[in-house]
Amino acid sequence: MAAWLGDLYWTYQNVVVALGVNGLLALSMYVVLAAGQLSLGQAAFMGLGAYSSALMTLTLGWPFWIVLPASCVAPVAFALAVGGPTLRLSGVYLAIATIGLGEVLRAVYLNVDALGGALGLSGIPEQASPGVIFAVLAAALAVLWLVGRSGTGRAMEALREDATAAQAMGIDVGRVRLAVLVASAVLAGLAGALSAHATDFIGPNDFGFEPAVTILSFALLGGIGSPFGPVLGAWVLTLLPEVFRGFADLRLVLDGLVIVLAVLFLPRGLLAWRMPRKAA
Amino acid sequence: MLAQQLVNGILLGATYALFALGFTLMFGVLRVINLVYGFYFTAGAFVALWLTQAGFPLVLALPAAAVGAGAIAVVLDAVLLTRLRRTKADELSSLMVTLGAVLALYAGMAAWLGPDIRRLRPGLVGSGALDLWGLRVTVAQLLILAASGVLVGALLWLVRGTRLGLAIRAMAEKPDAAALMGINTAGLAATVSFISGALAGAGGVLIGLNFNAIHPYMGEQMMLRGFVVVIVGGLGDIFGALLAGLLLGVVEVLTAGYLASGLKEAVGFAILVAVLWTRPAGLFGRTDVRRA
Amino acid sequence: MADAEEGRVTLLATSGLIRRYAGLLAVDGVDLAVPEGGVHAVIGPNGAGKTTLFNLVSGLVAPSAGTIMFAGADVTRLAADRRARLGIARTFQNIRVFGAMTLLENALTGLHPLLTSSLVGIVARLPRFRREERQAVARAREALALVGLQAREGERAAALSYGDQRRLEIARAMAGGPRLLLLDEPAAGMNPAETVGLGALIRRIVDAGTTVLVVEHDMRFVMALSDSVTVLNFGRRIFSGPPAEARADPGVIEAYLGAKVAARLAAR
């Protein structure tokens, strides 16, 4: 009886953590898509946040309230290195470079002993409670909502609609693109640190190609008219495999098909509502 | 020792070049970063695996795998991209569609066949090795080099020396003008898809032979090399891809030999990022860089 | 702005401007001098290099050679967004409004350079952010009123008719109060009534103190409106002066009508 209850609690807690972390990842994808960019580095940024934060906790013994913000440093550094040169180029370069980043980092995690190799890192103290995770998610949503309803939000949407016209309006295209990529890296880095400190284990395959594509499916299913769409998409795609248990094997097939169908037939997503772009 | 490393690197690089050629051709002509490309590679390797298991010799299995992968490419291109081409959707939309599709295909294949690594029947090619001026070259490596050379030569002849190649180049330059001049662009898109898919499929067989490891996600792991080769060579540049492929093979072998084998992917990627910072049009700078 | 009355201060000057495209000289050594105030037109047959000249001036295309001076400063190497901040605004030949955004939001993007709040200011809704946003909305509404679209500020731009989208583009460009407005074929695709309205709108813009440089195909529209005309042909400047003289200039007639017709007209 107690064991059964315990199992239920475990399952429940994992799903709750996944809802929060995936919501953050969806927002990390949203900020770049909302400005007309396609970065597929979210899983890589998440991995950098997860590994760097785990090392800060395990080997340096830093307290979690320092580790959490510090987990953004490595993702942002890589975002600048990979995104910096591609911002003036056509969007395909950023997409390619960021997919490549994910693949490379997986190879690095696998082959560097200090990072645990194929076994990954375990024994990370569970310092990120669901309360902390959802507080971060709520804060991220609030910031994106407020920034979305400002000149910066209008600049992002203008860039997505027509980068040339946006530039002729005095919008510094490179600056906005770099800013959204950094924001994306920060959100994904936080998601990585929170997930590492909520599940006690991280491994090299948690941050490769499949999670990168899955994160895109969150945003495209939900729609990018407002920051709420991607979170909704993340929750639907996180809960579906839980509801249909026999279906778990085909979860990635579903995520992939969601992208294909959303782009072809549902370009505005489940939540088609578009947020207004001026402050109240 | 260094000479042996260089030979190994060039042989490895030939397969990378072969893999990347179809990818860069597809981008150059169809303006699509088609990530399903990695699946054609996997598909080619599996077709050859099944045919050789059924007892067919490699000389039959290799072309059959290329044709099979090419046919799959034609079907998937039509299903995924026709609608986007008609509505003139942007490059990122087609990239996202192929990204979602390839994940579904890999995952579906892994769910169907299991993720285990399969091996080709031993003795498919001679297991011997030749001693050329003190350098050891296996029969498999020679076969890979010969097949890569033939396929690359055939592609170059096709693009440079035939009427079909002329139409392909016209479409790469100005698709709308090509359509006006009576070129059947839909048919040409299918043809280019077939050629690219066939190159990927052949690459899958040859690399499957080289490493003797065939599994659903093998194409995904190859895509990283594909990215490095096409960007270092210049997106859409066939000759560039050829040179960059050989270069990447040599760099990987030297990295594994003198630094650490775990770093070889990272070194290739570092080259990609360095090229993006300094020469976004590719190391050889023959294509126009595509600015936003 | 006080100089506008005198109309003798040069606002925009290009010298020796060249833009090469794969063996073709789209703009071939053009010298252009636009005084502050008034309407100035660049005309010429198709392929004369008019739109390329606009792209060079607004910074969307980099010149192969030559210099561009704006309000006394060399802007040749400045990016388009920096030039917009200095007061060069433009519209596009093929309309480029932000279709998913409302009319008011479109006009607000034209005010982007005036918004200076930091991320903290935006998120905390600090007083400066509120003030800037309030002022921007007021100015965006003025710009919509200028073109007569103020009643429809909440509609999506993509839902507007073709002529209204052109007017919205002008409002978006005018919202920030530019010193120079570049209009790229503003009358293209408009019916006669809309063209008359456009002429009146351009007059209002000039009277409010903005210099207008217009590229046009429609000779009649330009001649009635402009204070000076520059004629391009095959990337070269073949005439510069008052519109009445342009109409009588043999080189201009030849460029527009072909050598045969020009010869017949001259013989008459």
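By letter and in written order, the chains are A, B and C; residue numbering begins at 1 in each of them.
Assume a residue touches a chain if its C-beta (ideal position, glycine included) is under 8 Å from a C-beta of that chain, and two chains touch if they have at least 3 such contacts.
Fair warning: this is a prediction, and the values are worked out from it, not measured in the lab.
Novice: For the interfaces A-C and A-B, which has the higher count of C-beta pairs in contact?
Specialist: Between A-B and A-C, contacts are more numerous in A-B.
Novice: In terms of CA centres, which chain lies closest to the overall middle?
Specialist: A
Novice: Distance between chain B and chain C based on Cα centroids, please, to the nearest Å.
Specialist: The mean C-alpha positions of chain B and chain C differ by 48 Å.
Novice: Provide the C-alpha centroid distance between chain A and chain C, rounded to the nearest whole angstrom.
Specialist: Measuring from centre to centre gives 42 Å for this pair.
Novice: On a C-alpha centroid basis, what's the spacing between chain A and chain B, in Å?
Specialist: Here chain A and chain B have centroids separated by 30 Å.
Novice: Give the residues of chain C touching no fewer than two other chains, as numbers and ranges.
Specialist: Residues of chain C touching two or more partner chains: there are none.
Novice: Among the residues of chain B, which ones contact at least 2 other chains?
Specialist: Residues of chain B touching two or more partner chains: there are none.
Novice: Can you list every residue of chain A that touches 2 or more other chains, as numbers and ranges?
Specialist: 173
Novice: Can you list the residues on chain C that touch chain A in the complex?
Specialist: 58, 60, 79-81, 84-85, 89-90, 92, 96-102, 104-105, 108-113, 115, 117, 119, 122-123, 125, 129-130, 132-133, 136-137, 172-173, 176
Novice: Provide the residue numbers of chain B that touch chain A in the complex, in ascending order.
Specialist: Listed in rising order, the residues of chain B that touch chain A are 33, 35, 80, 83-84, 90-93, 95-97, 99-108, 111, 220-221, 223-224, 227-228, 231, 235, 260-263, 265-266, 268-269, 272-273, 276-277, 280, 289-292.
Novice: Along chain A, where are the residues that touch chain C in the complex?
Specialist: 142-143, 146-147, 150-152, 154-155, 157-158, 161-162, 164-173, 274, 276-279
Novice: Provide the residue numbers of chain A that touch chain B in the complex, in ascending order.
Specialist: Chain A reaches chain B through residues 36, 38, 40, 81-82, 84-93, 95-97, 99-101, 103-104, 107-108, 110-112, 163, 173, 209-210, 213-214, 216-217, 220, 249-260, 263-264.
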